[in-house]
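You will see two complexes here that share chain A, one where it goes with chain B and one where it goes with chain C.
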Partner chain A sequence: MSKGGINLKTFWPAIAIAVILFFLPPIIPRFYTYILAVIFVTSLLAMSLNLCVGHGGIFQFHHAVFYGVGAYTVALFLTKTSLPRGVGFIAGPIIAAIFGLLIGWFCIRLTKLYFGMLQISLGSLVWAIVFRWYGFTGGDDGIHGIPIPEFIDSTNSRYYFILIFFIISLFVLYLIFKSPFGTTLQAIRDNPERCEAIGINVKRHQLVAIVIATFFAGVAGVLFVVLEGSVFPDLLFWVLSLEVFIMCLLGGWFTFAGPVLGAAITVSLRTFVGVYTEYWTLILGVILILLIFFLPEGVMGFILDKINPEKKEIIEKDDE
Partner chain B sequence: METSQGITLAALAIHFLVGLSRAMILFIVCSGLSFVLGVLRVPNVAHGSLYMIGAFSAFSIFTLLGGGAVAFWAALILAPFVVAIVSLIAERSLFKHLYQREHLMLLLFTFALMLILGDLVKIIWGAQYRSIMAPEFLRGSFPLFGASLPRYNVFLLIVGPLVAIGLWLFTNKTKIGKIARAAAVDMEMVGALGINVSWVFAFAFVLGCFLAGMGGALVAPTISITIGMDHDLIIEAFLIVVIGGLGNMWGAMVGSLIFGLTQSFGVLFLPQFAIVFPYTAVVIVLLIRPKGLLKSVW
Partner chain C sequence: MLQVQDIHKTFGDFKAVNGANLSVGEGELVAVIGPNGAGKTTLFNLITGQLKPDQGKITFMNEDISQLPTHKICLKGLARSFQIANIFHRLSVFRNVQVSVLSQKGLSGKLFRPVQKVAVTETNNILESVGLIEKAQYIAGSLSHGDQRMLEIAIALGNEPKMLILDEPTAGMSPEETAATMALIQQLAETRGLTILFCEHDMDVVFNVSQSIMVMHHGSTIIQGKPEAVRVDSDVQEAYLGDDYA
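Our next item is the complex of A and B:
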């Protein structure tokens, strides 16, 4: 579905949306600004996962671990050390990527479901340690009241901070998606055997994809801390991993921007249905089932179909 | 709680037996999960929710019948059937239409089912902690090497192997069990022999869920029944099935033993990090034998 090369025309809608997002905070209520920021953070997490799942065909089942590691790293740097604050912000994604490299290195020798399962067990190991190590990570209470630098201590300034990093990350992810590396990755997803045969090092490409994805998961984790000022072990729990996985499928995992849509839908549902009823997961479940039955390619896949029917054929060809 | 300074032989023995009885519950739940995985090739994420429904149904039946010994046995026997009916409804009304679809879609469906069932449990039973009491002769404990072993754990140690034998007899000696096993190996061939594949799927799914319900009912007297118990269980169950070998019933047994025992000994040696031990064991097994300890049907 990707043709390689960057077409400037495709950027116009994205730039228009970004400009609108920049002018929104003074207009909309503060609560909505916050919700938008939550959507950005969640979207970035989902996008980073989709690099593995949608474009790489890797069963990255426990992606939330890296998000949590990024968040915990910056939280621990800010609360336990007196290093300049910037260090923690930079360390978050890097430590997350190192975890990604380590866990990925173990998992990459397996494929598909076995890969996912080994990752879940290694990830759960990290979760269990964070969950129980009261002296260091705060155990199941987590860490609260993390001192966030002054220049981002209002809702609006946080919003802009998160938005800027979200856009930069998305742009970098897009460049990766369109790069020769990204195309190779998609080729591996579609036919690993053939790629192996023409001399592509499949495992190494997948490992690099995992490291990149976990780096951006770490960025999302850091942004989460900026937004909420606290961390807790649920950030590394497998339920969140599955939720993010679902966001990718929901939005359309063969499309680039699909996960953003999936994240936006999930976060909005949780927020706005959650106002009316505590049973919002029931509603999410029903919507998911409706989607499975009626929009199997995800919301974004459906929209792309409607806009551009020729593209669909290309996607289908890719699937074979 | 024991500390690492004073581990006696008695403590070791007790932790071994408690771990073993915990493994029996895990085995019953995981054999069901493994069965569904083997035949349908779908990791049923909702399995934990059905286990939770089993425990809650056991509670309801138990209180409805007045809470005596009879009520206990009725709860134990009827709760799995409640779960089986729930799963049959889900399977026949929705799930069966998806078998031709991509596998991730089936996974997505079971996830949606987990979300829905989780909230339905919250609506029906509320968020309080519930508990049921085993009858008189299963309460209290046996003395053992100067320590004590709860009687209910002994009961579990008897029930576990009985279920294993029953399952083995069922899958190896009855016609329908043999069909289900054949379906796990080659579904198309089974269809070609004129067997209604859709019903084989339904049957396997319902049987797997029945076992989840049975595990839930059996575990009910030993824990506080509450929402969230599905999340705790399902990931353990998946890991057990994977380290045992997908779709292999005896593999589920081996995996459960590893998981239950490492957890139990973890409590003995390093209580704070007890939950780390089973995950470490799983990682070690997967690094040595990536496809599980016993032969996978996949």
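Our next item is the complex of A and C:
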């Protein structure tokens, strides 16, 4: 990776936000620190899904499964084995990616909605197993009191741990987004038939994207365990998958950072409107309807459109 | 270079291609003509692997390609453009061509290299040769119809093909645009040493530029030969005129 690959102009707002986030915990109440950490975890989950949906055109309808698998993996490692705890943390994303590969391997034979339907079925199968297998996963009780390492046992230290891995993951996802792989993936989204006609192995490319996305869903799952110290089958339930899907649409699924915005909006609504009414999803529903009519490109898509109405792309002239 | 021998393709009861033969020599500019529904596009889809033939043999550079998947055929040096502008609407013009160049160089899978540093010179060269360099940074979906057709050809060129198949490259163009496009195609064929197979409805264009013409009717080949020979062939006249006056 050469230095010129990163355009500082597009990066400084992100760096500024990151710096602010680092200085926030001592100033704001602990509750808000916690909510921010929830937003980071949820954002990462949404970002990983968007690699499939927004950039790859793959209808990964049941993405939460891999989030849950990552979370359960680390939970089981920490409670059922005496291995060093770092092993569990590393195993979470890897096992999630292996599940992604297996389920993706079957689903990728189908396209569009058919892919999505098979994916929901296979994902629900994983959910059903977790939900019923009391002896191993704790069934519908889940697993509680997971022994989190001491250095991250306070709200603030958890916040920093999650923030650091969130930033690293986002950076890696950005590199992938701006790589030949990511560009080809977006071309596949726009026109898979044409991609085959220029010599791209579309199915293999999409399968790699699924494996990467499920890996990062697994990272989000591990971070969830760090934050909450417990796991439960709802993490793998299709309702969560739908919620994450909506976050991508809400934020702007053709943009890179849109899902972060979508996750922040959804989590804030749930937290602050949820206090007044348990029907906060009603408000989310109304927002979604307005969105479809007025901002079909999502909130981020709308903002970028205002900044750059001609939709030009900055392209460098020289080769490496 | 390309040999198609007695190829058949049936959709249900409909025989879309029913015994087509075609021979394209290296460096030639070959046209396929025929009335609407004669099976020209189906024939092209069979050659480039979008469809698999029921029967018959297709050889490219002495290799049987009739059962290969599309992306493998493409990497053997046989690229195509489509009848309807088939581009990547949300990507910039530059990226449209770059994706194709990356695929040709086997770089599509690279995860951690900034894409704006890869295959830039090659991409710019292609954009220059088709006259789209000024519009490189525009989103492809916002281009005019004529420009999208040129981009379509540019994407195909990104594969550094030995042979290019163009499905009605001038469809929907004005006479001036048609003339300019055909001149460009001829020029590309010369400078890049391309073999070109195309189909086209405009007979003036076909008889002006092609070295060999294959005529299809009801999915079968009537004749393939030099323009002068095709022009006077009685079966061809019947295929074109007979149907209309029957």
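Assume the second predicted complex is superposed on the first by the 305 of 320 C-alpha atoms of A that agree within 3 Å, B and C clash if a C-alpha of one lies under 4 Å from a C-alpha of the other, contacts with A are read in each partner's own complex, and residues count from 1 in each chain.
Everything below uses one rule, namely that a contact is a pair of C-beta atoms (placed from the backbone, for glycine too) under 8 Å apart; a residue touches a chain by one contact, two chains touch by 3 or more.
These figures come from a predicted structure and were not determined experimentally.
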Partner chain in contact with A:P147 - chain B first, chain C second, else both or neither: neither
Chain B versus chain C as contact partner of A:H205, first or second or both or neither: second
Which superposed partner A:V286 touches (first chain B, second chain C, both, neither): first
Touched partner set for A:S124, first chain B, second chain C, both or neither: first
Partner chain(s) touched by A:K178 [first = chain B, second = chain C, both, neither]: second
First (chain B), second (chain C), both or neither touched by A:P13: neither
Residues on chain A lying within both footprints (that of chain B and that of chain C): none
Interfacial residue positions of chain C with respect to chain A in the complex: 48, 50, 69-72, 74-75, 79-80, 82, 86-92, 94-96, 98-100, 102-104, 107-121, 124, 136-139, 142, 155-156, 158-159
For the chain A and chain C complex, residues of the former touching the latter: 1-2, 4-6, 175-176, 178-184, 186-187, 189-191, 193-202, 205, 208, 212, 254, 310-320
Parts of chain B lying in touch with chain A, wherever the complex brings them together: 43, 45, 94, 97-98, 101-102, 104-105, 108-109, 111-116, 118-120, 122-123, 231, 235, 238-239, 242, 246, 272-273, 275-276, 279-280, 282-283, 286-287, 290-291
Sites on chain A touched by chain B in the complex: 106, 109-110, 113-114, 117-118, 120-122, 124-125, 128-129, 131-134, 237-239, 242, 246, 249, 278-279, 281-282, 284-286, 288-289, 292-293, 296
